[in-house]
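In the part that follows, the structures are each spelled out as structure tokens.
Shared between the two complexes below is subunit A, which has subunit B as its partner in the first and subunit C in the second.
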Partner chain A sequence: MPVDLYLRTGPFIVHVETACAEVVDGISLLYDPSCVLNRPAFCDYHVAVVQPLWRRWFRPQALFLFDGYAPYLPGPKRHALPMLEWGMNWVIATTAHQFLIIHAAVVERHGLALLLPAPPGSGKSTLCAGLAFRGWRLLSDELALLVPQTGRVVPLARPISLKNESIDVISRFASEAVMGPRTEGSIKGTIALLRPPRASALGWDVPAMPRWIVFPQYEAGAALRMTQRSKAGTLVELGNNAMNYNIHGAVGFDALANLIDCCEVGDFVYSDLSAAVEFFTAIADGALRGDSMLTLASAGP
Partner chain B sequence: MALLLRLTKRPIRERRWGDETVVFDTYSGETHHLTSLASAMFRRVAAVQPVEFDAICAEFVGVENGAIEPEEIGRAAARLCSTGLLWMEESEA
Partner chain C sequence: MILHALLRDPRRIVDLSMEDWDAAIPQARVSGLLSRLGALAVAQSGYAALPDRPRRHMEAARLVAAKHRRDVQFELDRIRDLLSSTLGTLVLLKGAAYVAADLPPAEGRVFNDIDILVREEQLEAVESILHLAGWRMGSIDPYDDRYYRRWMHQIPPMTHGGRQTTIDVHHSLIPRTARIGTVTAAQLMQHAREIPARPGFATLSPEDMVLHSATHLFNEGEFGRGLRDLGDIDLLLRHFHDHPDFWTRLLDRAQELRLTRPLFYALSQITRIMGTPLPTKAFDAVRHFAPTAPTLLVMDWALARALNPPHKSCREPFSGLALWFLYVRAHYLRMPVHLLVPHLIRKAFMRD
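This part shows the complex of A and B:
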């Protein structure tokens, strides 16, 4: 029998209908109880993870639906939970145009947000998870929701999608972290979803002001380094990384330009997660004294 | 006969950081990143137009003891024209 679950994820309430035990158990494990609502009066989105009738027993499959529409082909049933997360990202990215949506992780400390835009495989989620388990508040692992009118980023704290080697890295880094089952053989390799810290889940309605935009890159054995980045080039890069920049037009351009005006921007290379987390924490603490990121970076880690 | 550079009559939005400029073309919805030379040329044409291409070449080649090659200036002008921000035409004189 299908189960109806109602998830509050940032500014959205999502109705999830599913009979997949993987999804029900996964939500129970990976979402804070405060995010699971009891039949709210209104839902922003109605999604479902269903099993096609003819593939329930033979090589079982799961299919993600949004208002009855399937944006993806069905996948193995063991991928049902990541499929739900990817599907919810797709739904938000293609419909929530009240926000300028940038493909970036966002974390916050002292009310100041650090945006980490980067392509897959750059170590963005690993760094984001590391920071979230060392006193930073997770706003999002995947989608930065920027309000064009205020310049603030609205939280969308959902499970962090860790891939391949980063799963073990975070398991060692934060032994208290709650992680879902490993899903092997996905298009992105092995995936495990990480439950956000409780403080991040409880801060679902507290936006943050962006202060830093950093493009991280993990390089095995590399010394930690931060280099200044062209602000003009960053605007173009963020526009390319944004899901709906083309829809916002001039408003989107102004929003990105204002974002860049109020942020320091840099390229960051790291190999040691602990050192990277300490580095960013020092930058956030230094910001309270008026220190700039690039000044601290030039002084050395 | 001389080549003249003019701004196209497009509504644009412009932001500048240092010597670089980003221009948003509200007609096409495209965003253009102008590096320092293209940015300087764009601003030069915007200040007083039309400008003879030869005059711009002479002016820019003279900058920093000729560090800028005329070919670079030509490429920058071609890029500005291909983005639709500038227009090049032959003078009638």
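This part shows the complex of A and C:
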């Protein structure tokens, strides 16, 4: 029998209907109990993960539905949980245009937000998870929800999707981290979902002011380094990374330009996660004294 | 059906409970009517007092609709620059016409295609100009290509390689092979109206716009966006309602073009669902356009299902059968049986 779950994820309430045990168990493992609500009067989105009848026993499949329609082809049933997470991100990215949505991880310390926009494979999620387990608050692992009118980022703290090697890196880095089962053979390789720390889940309605925009790049064996980036180039890059930039027109351009105006921007290369996390924590603590990121970077770690 | 009720009487929007919104937003979203619902809501005096959560969804949808309007206006200028020396004034159909002429259905309408009408003898020239400017038909199989060109009222849709916009070039309103006989571009262009605020463009006459929209909806057999298309007709009728002679001309023209049946279905469904006001003489006259009683019974049964929002909360018993029936009916209207049967067999077995 299908189960109805009502998840609060940042500003949205999502109704998830499913009979997949993988999904039900995954949600109870990966979501803070405070995010699972009693049935509310209004849900922002109604989604479902169903098992097509003709593929329930032979190589069982799961299918993601939004309002009863499938945006993707079905996948193997063991991918049901990551499929739900991707599906919810897809639903938000294609409909929540009250925000300018940038493909970036966001973490916060001292009320200041660090945006990490980067393509997959750059070590963005690893860095974001590392920071979240060392005193930073996770706002999002995938989608930065920028409010064009206020310039703030609204949290959307959901399980962090770790890929391949970074699964072990984070298990070693934060022994308290709770992870879902490893899903092998997805388009992105092996995936494990990581439960956000409690403080991040509880801060679901506290927005943060962006202060830094950093493009991370993991490079095995590389020395940690931060270099200055052109603000104009960053505007173009972020425009390309924004899912709904074109929909917002001039408002979107102004919002991005304001964002970049009030942020320091840089390119960051790292190989050692602990050193990278300490480096950013020092930057955030330094910001309280009025130090800039790039002065700290040139002083060296 | 909460969405039907709101389209019929938008004043009810301000009285909805959160439970009502929980049903209305998904119904509107899957019907392609979320931005239209937003436009109706904004027009109500209580809009500012609506609860934030549902309102945000309508506002987001309206942003998308506004972007589509910007894009269409931009694309229209590109197309005019390409085609005006060959065609003169460009006659627009459907969504593009509503946007260019700023007619009520343009508000909150989301669409991707631009439809233009050209004379059959101009087809070849138009196609090659568009082709040279980067519009392509994509990978269409030779059978489908031939199907369009020999039998349909338009050439295969062309998509611009860079901007991904699609243009449908029509030379008629209904297929060449249609049972009721075709309607040529020349017949429609005679009555086309230039758009004063948009030099170089024209729309069909008001009555032809309504007839086209009705024919498209009731004879094409695709009801995925049926409720939205019916909403377009509702808005057109309300807009032209008070123009002198509009109703007389609409009824005469329907007879002249042999499109009385789709007009009948449009008017009967629209009054049932949206409560569109009709003058008495139109109401009386259109009853003469009705089919025989048994046909009417079946059609009313099928249309009542097809014009529900395509959402599971609105599904009635045999909805699937009703849609299948309308699909088969549309094919029957589109071409004679000796062409139709081989076509459907091919479509059933040659799927890619």
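The rule is short, and it goes like this: the second predicted complex is superposed on the first by the 301 of 301 C-alpha atoms of A that agree within 3 Å, B and C clash if a C-alpha of one lies under 4 Å from a C-alpha of the other, contacts with A are read in each partner's own complex, and residues count from 1 in each chain.
Just so we're on the same page, a contact is a pair of C-beta atoms (placed from the backbone, for glycine too) under 8 Å apart; a residue touches a chain by one contact, two chains touch by 3 or more.
All values reported here derive from a predicted model rather than from experimental measurement.
Of the two partner chains placed by the overlay, only subunit C lies in contact with A:C43; subunit B stays clear of it. When the two structures are aligned on the shared chain, A:W57 is found in touch with neither subunit B nor subunit C.
Residue contacts after overlaying the shared chain place A:K231 against subunit B, while subunit C stays out of touching range. Touch criterion met: A:Q98 reaches subunit C, while subunit B stays clear of it. Legend: residue contacts after superposition of the two complexes on their common chain; A:G249 is shown touching both subunit B and subunit C.
Within the superposed three-chain model, A:G239 lies in touch with subunit B and out of touch with subunit C [touch as defined at top]. Overlap of the subunit B and subunit C interfaces on subunit A comprises residues 246, 249.
By the touch rule above, subunit B contacts subunit A in their complex via residues 13, 15-18, 20-22, 24, 26, 29, 31, 33-34. Those residues of subunit A that touch subunit C in the complex are listed here as 40-44, 46, 67-69, 95-98, 246-249.
The part of subunit C that touches subunit A in the complex is made up of residues 17-19, 21-22, 26, 29-30, 51, 53-54, 56-57, 59-61, 63-64, 66-67, 70, 311-312. For subunit A in complex with subunit B, the touching residues are 230-233, 235-236, 239, 246, 249-250, 253-254, 257, 260-261.
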